[in-house]
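Structure first, then comments.
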Amino acid sequence: MLVNCVAYQSGVRLEDIRPQDISDYVQRPDCFVWVAVRDPLPAELDALQEEFSLHELAVEDARHGHQRPKIEEYGKSLFVVLPIMEMNGSELQLGELMVFAGENYILSIRQHAEHGFTDVRRRAEAEPELLRHGSAYVLYALMDTVVDRYFPVVDALDDEIVAIEKNVFADVPSRATIEAMYALKQKLLAVKHAAGPLLEATGKLYGGRVPQICAGLQDYFRDVNDHLLRLNQSIDNLRDTVTTVTSVNLALITLQESEVTKRLAAYAALVAVPTMVAGLYGMNFKNMPELSWPYGYPLALLIMLVIDAYLFYRFRKAKWL
Amino acid sequence: MLVNCVAYQSGVRLEDIRPQDISDYVQRPDCFVWVAVRDPLPAELDALQEEFSLHELAVEDARHGHQRPKIEEYGKSLFVVLPIMEMNGSELQLGELMVFAGENYILSIRQHAEHGFTDVRRRAEAEPELLRHGSAYVLYALMDTVVDRYFPVVDALDDEIVAIEKNVFADVPSRATIEAMYALKQKLLAVKHAAGPLLEATGKLYGGRVPQICAGLQDYFRDVNDHLLRLNQSIDNLRDTVTTVTSVNLALITLQESEVTKRLAAYAALVAVPTMVAGLYGMNFKNMPELSWPYGYPLALLIMLVIDAYLFYRFRKAKWL
Amino acid sequence: MLVNCVAYQSGVRLEDIRPQDISDYVQRPDCFVWVAVRDPLPAELDALQEEFSLHELAVEDARHGHQRPKIEEYGKSLFVVLPIMEMNGSELQLGELMVFAGENYILSIRQHAEHGFTDVRRRAEAEPELLRHGSAYVLYALMDTVVDRYFPVVDALDDEIVAIEKNVFADVPSRATIEAMYALKQKLLAVKHAAGPLLEATGKLYGGRVPQICAGLQDYFRDVNDHLLRLNQSIDNLRDTVTTVTSVNLALITLQESEVTKRLAAYAALVAVPTMVAGLYGMNFKNMPELSWPYGYPLALLIMLVIDAYLFYRFRKAKWL
Amino acid sequence: MLVNCVAYQSGVRLEDIRPQDISDYVQRPDCFVWVAVRDPLPAELDALQEEFSLHELAVEDARHGHQRPKIEEYGKSLFVVLPIMEMNGSELQLGELMVFAGENYILSIRQHAEHGFTDVRRRAEAEPELLRHGSAYVLYALMDTVVDRYFPVVDALDDEIVAIEKNVFADVPSRATIEAMYALKQKLLAVKHAAGPLLEATGKLYGGRVPQICAGLQDYFRDVNDHLLRLNQSIDNLRDTVTTVTSVNLALITLQESEVTKRLAAYAALVAVPTMVAGLYGMNFKNMPELSWPYGYPLALLIMLVIDAYLFYRFRKAKWL
Amino acid sequence: MLVNCVAYQSGVRLEDIRPQDISDYVQRPDCFVWVAVRDPLPAELDALQEEFSLHELAVEDARHGHQRPKIEEYGKSLFVVLPIMEMNGSELQLGELMVFAGENYILSIRQHAEHGFTDVRRRAEAEPELLRHGSAYVLYALMDTVVDRYFPVVDALDDEIVAIEKNVFADVPSRATIEAMYALKQKLLAVKHAAGPLLEATGKLYGGRVPQICAGLQDYFRDVNDHLLRLNQSIDNLRDTVTTVTSVNLALITLQESEVTKRLAAYAALVAVPTMVAGLYGMNFKNMPELSWPYGYPLALLIMLVIDAYLFYRFRKAKWL
């Protein structure tokens, strides 16, 4: 579905154009065309491939979707795959933004993602002195936006770990905690596999040899890379924390089992001892003087009580009860 | 066993040729010969070695089989070992495709693999403008096909982990789950050891210095490399998941043991307390007034029942039962 | 909040200047201006950006705060983010010192940190022959001070681990120990994530290509890097130790449970055996000669005592009791 | 002990020579001398050092033995330490082959190893066109042989792990399995420490800058390196498998304990319930009508049996028995 | 404390000189001065700094002590920090040897170490042809000696692990074993943190660009590096072994607990069954024919014995007892 198709000249919006006219505008050296589509049909992709003369292999990737984050050069143009992460309740939803960036065109394809990028276009058009840099600046603006939207996702995962942490330390160990930890780990894995390769890829847009169209905006791409570094550090931090919480949880389960064993044993003793005493006086010996004592029975009960009271005191002191 | 032996000129199929004529065609600068054999006998290999003047060390590798994935240069020609992975039910079967690629010949040797590569030849012959690139394009087409066939294998392993995951969270822990997890881990290890070195090897076919015959097709070999990167990421993902599931399973076993201990203790208490009370009234004291009460017996039973009911209520509340 | 704003000439303090005059002094080639602010308001930052012509992206980072440690070049000037660590009781508090360093100015922004850097200025002014190196020397002095203040933090964490270690080996395992270990791990994680990237960043200030303004002071920056290396080694050491202590703790919990099980079983045996003997003599057989013996009852008690004494002796010998 | 001392010319065996004549032959440009000794005495080493003018530091290493695998250049000559691994029953025995290789001499010193290298000499002499390459070819032949002898060792360890695997899944967990696993791990550690550094060392004999005497045989040394790569992959594979089996074993021990606990509890219940019922009818109440019923006793027994049968059925269904 | 202060010319001892004359001798191009001090007072260090014109930052490091192992260049001179490890009973003691090496001087500062280096001086003076290389040779001799003294330390730790290993497999698991393992791990950590960075540092003294004064002795420094490589391999080996032994110990504790549980359950059964039988015959039913049988009582005892004998046989067979 075509979202937008606009031609720009010297950083200023020229006009909305029809898709079939794209190739004409792309020829003009002073112009650049910015096209945004979402979840395109195969036929739409084919048409765009022809208008922009996109490389077969890159278009094939776009057709299949579910690519890993990457920045590939095809001659003078770039093919960029940016993962999009959105929290849908406590579910993590993964989409992708694919960007074809040439000297005077930019084509962005959004897939499986709710949140669009019209605000990027609005902001870019509001700053014509920056938009004058052309397609590279748009590429930067899109990357910057995609990356900035990762932070709330990581923050949501951070909140989850804090909640789990509380459960682990406050409550008795439970299946629910283990399942929550598992779900969080899987989400962190997905986030890591999105942000990690992207970090690596953006590292090639500044510093040594960079793609020609990015040459003038190295400080900006370094800034994106820096945000990704920060993000990756947060993710590693969360992963370490989850690992630690997992092992803490296991230790607490083991410790709790040990405590339960002791408590049970204490209660068992409180029952077993009177049973033994009662067993003694249940013996059928002819000659058991206590049995004929007038206060034999209450005395026996008293003995049981005293022993139990003493045991109870000892167990309390040893913190078994 | 010889599968196919065909000469091509300018990307067009010339004719099927006899193996003993190969060396004549290889001399002709405008031709290239594409030979495919499967599970060759030593004598066949010797004959092919002579026709193509293959390097002794490479042929020795081909003779022994079970090589690690690699791409080796011998002068201007390449010796490529590609692992083939096929699912045979839930068993992973490993074969290999060995390719000798020279300026105007390509020799592919398939070993221990069911599925052939005749579809690659058919597709290549249907696109003469690409086949004109010669042996390098055939090499690319073979590599691309081999790598693309990895994906269903990884998907099958992904399904296995999902099934195990369900078992772990739904059922009580069992030997079967642990054994399934072990089998899966071993398969992942095999897949990793196939895809990992291949990723590394293909990385040398584009970018910096590349073998001469691959020079014109760098974008294509980068695409193969990109698929392998994606594949390796999926495998790492699966391995991480298996590790997590393993530790979750261990935690659940420990937790379940703790729960069982508590349940058992609760039931033991429900039996032990009446036994103790019964023991009391089994004592033989002369002077036990309760024994002579008309309703002494039912009262004793009632007491036991009341205590057990109370205990039952308490255990339920504490979620021990 | 502005802390200080001073102009220097040839390493000697010239005079306190007003913020709005900064840009004048920065023009003068023989001068350099050293400005220190803490927790600046957005408006203050905007004013400083204009006076020093700071790069937009760097100022944006300063505005957001909570950056990862880094040293970035913007043209000839540097933007340095140094994490500040302070122990607040047993809490670890993280702030940051951001430094903009140009050829003839230095601007330091302190955030979320108690302890200021006026002593650095005092010491620098006391050594005009070093201060003559200009802004790079001030940058070195600030970095050196920030890094040196890490050591007491690491020492405090070292003390914590020693205390935990003692608990683990001396006491019975407890929740408190596990919680303390968790808290310590989290602090070590925070410290690591502060000191690690800084080590990497400072490594670029000596050796190969270095930012121009640091060129003359490479030995000094190498010294800062060396301190960070030592610090990182200490942190890794602590992390390894915590890991080891954690596993030791788990082993001791498991071992203790095993010991408790044995002790409980021993006590249970001491109760169960007399109960069994008593049960025997509680049987109602007509013909049980022992029952009529005059000393049958004390004999039965004696038998119980002897068996228990023997068991007690055996359990003691086997170290179960 | 001197094993062999032969001079060669143009790849053809010239004659057996006396050790004291070595230095004369080494002078002759068209000759090369191949000396093999095993477990040499210090005096023998001193003599050889003089004849070949070996470097003091290399000879010192040879004197001490137990060096790590390495390839060191001393001027134009090489000092190579190759670990020899031999299975002696289920024991792994480590020896070493030290090779001094100069432009026209090769000196091999075998230590702590049963199996000699006379077959290498025989094979080399059978192929004079290859032996013509001189000392570098002999070095290759020795390395190739040493490395090829590693494979049966790794295969033997592979068999061990398969046997352990079977035990883990088939039998109840046992000390013997844990001890076998420990022994295997230690052997794998030894093998890894032999093959790993050798892989690294051989990697310097082809590709970029290589020692002068190896220059003409790079394809051959790459082949040795390739075998080592394969070997290292097998070792890593085995190590991963051992790690997995270890954790599986631990999981099965824990699981089995949980199963045993349940089975024991079931049997305990089958005993405890009749005991309780018997206790009830052992009470001495005057007024217990059941006691006077003619079939009271068999009824009581029946009740016990019925309860136990029901419990047994329940336990079976829950797979506790 | 000054240990020695000697001037050398062409590798031959010239004379003992007074510290205050050092700077004179250092000027003479054909001389070199070798000064050894131990645990110097600040004043002594200041004096030496002036005589040798040492760099402020290096002297500051020497003053503080407890540096990490390193080799730093200050202009043409080197500052080397070598950790000294000595076993003091079963305690590991860490000291350091700091060496300032210039073109014609060498200053060694020993701290916190018992064992001196006078034997190095004696040996060096006995070989004037090597000592002629000047300060670099002395630096080599000191490094070689320091590194060679690490080996007995590692051997001592190896003996410790062998002793622990024996305990783990022979005895029942115990606190003492866990504590010994912890102590060993900490020592290995300390040794690793000493030998690892030193390995890295010495790697810069041969091969590519090396400090000027070391240029002529690269083979010697490579030899030191080789010893360190061997040492690091041994340490890694030990660390791996400790890790394995730790996990083996945990597995054995878990396994032993499982065995104890089974043994206890068996004994409990041997007591519980007679108790149940006795309970049956303790019931007060009017009509229990067995009670009147003349051999009822011995028969009941016999039944108990037979059941217990059978159970005992079964438990033995199942290896529970």
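By letter and in written order, the chains are A, B, C, D and E; residue numbering begins at 1 in each of them.
We adopt the following convention: contacts are C-beta pairs under 8 Å (C-beta built on N, C-alpha and C of every residue); 3 or more make two chains touch, one makes a residue touch a chain.
Just so you know, these numbers come straight off a predicted model, no measurement behind them.
Path length between chain A and chain D in the chain contact graph, taken as the least number of steps between touching chains: 2. Touching chain B and chain C together: A. Averaged Cα coordinates give chain B a centre that lies 41 Å from the centre of chain E.
Centroid to centroid, with C-alpha atoms defining each point, chain B and chain D lie 25 Å apart.
In chain D, the residues touching two or more other chains are 250, 254, 257, 261, 268, 272, 275, 279, 282-284, 288.
Read around the assembly ring beginning with chain A and moving next to chain B, the chains appear as A, B, D, E, C.
Note for the complex: chain A touches chain C at residues 169, 219-220, 222-223, 226, 229-230, 233, 237, 240-241, 244-245, 247-248, 250-252, 254-255, 257-258, 261-262, 265, 268-269, 272-273, 275-276, 279-280, 282-288. The touching residues of chain D, counted against chain E in their complex, run 55, 57, 61, 67-68, 70, 72, 74, 173-175, 178-179, 181-182, 185-186, 189, 193, 197, 246, 249-250, 253-254, 256-257, 260-261, 264, 267-268, 271-272, 274-275, 278-279, 281-284, 288, 290-297, 300-301.
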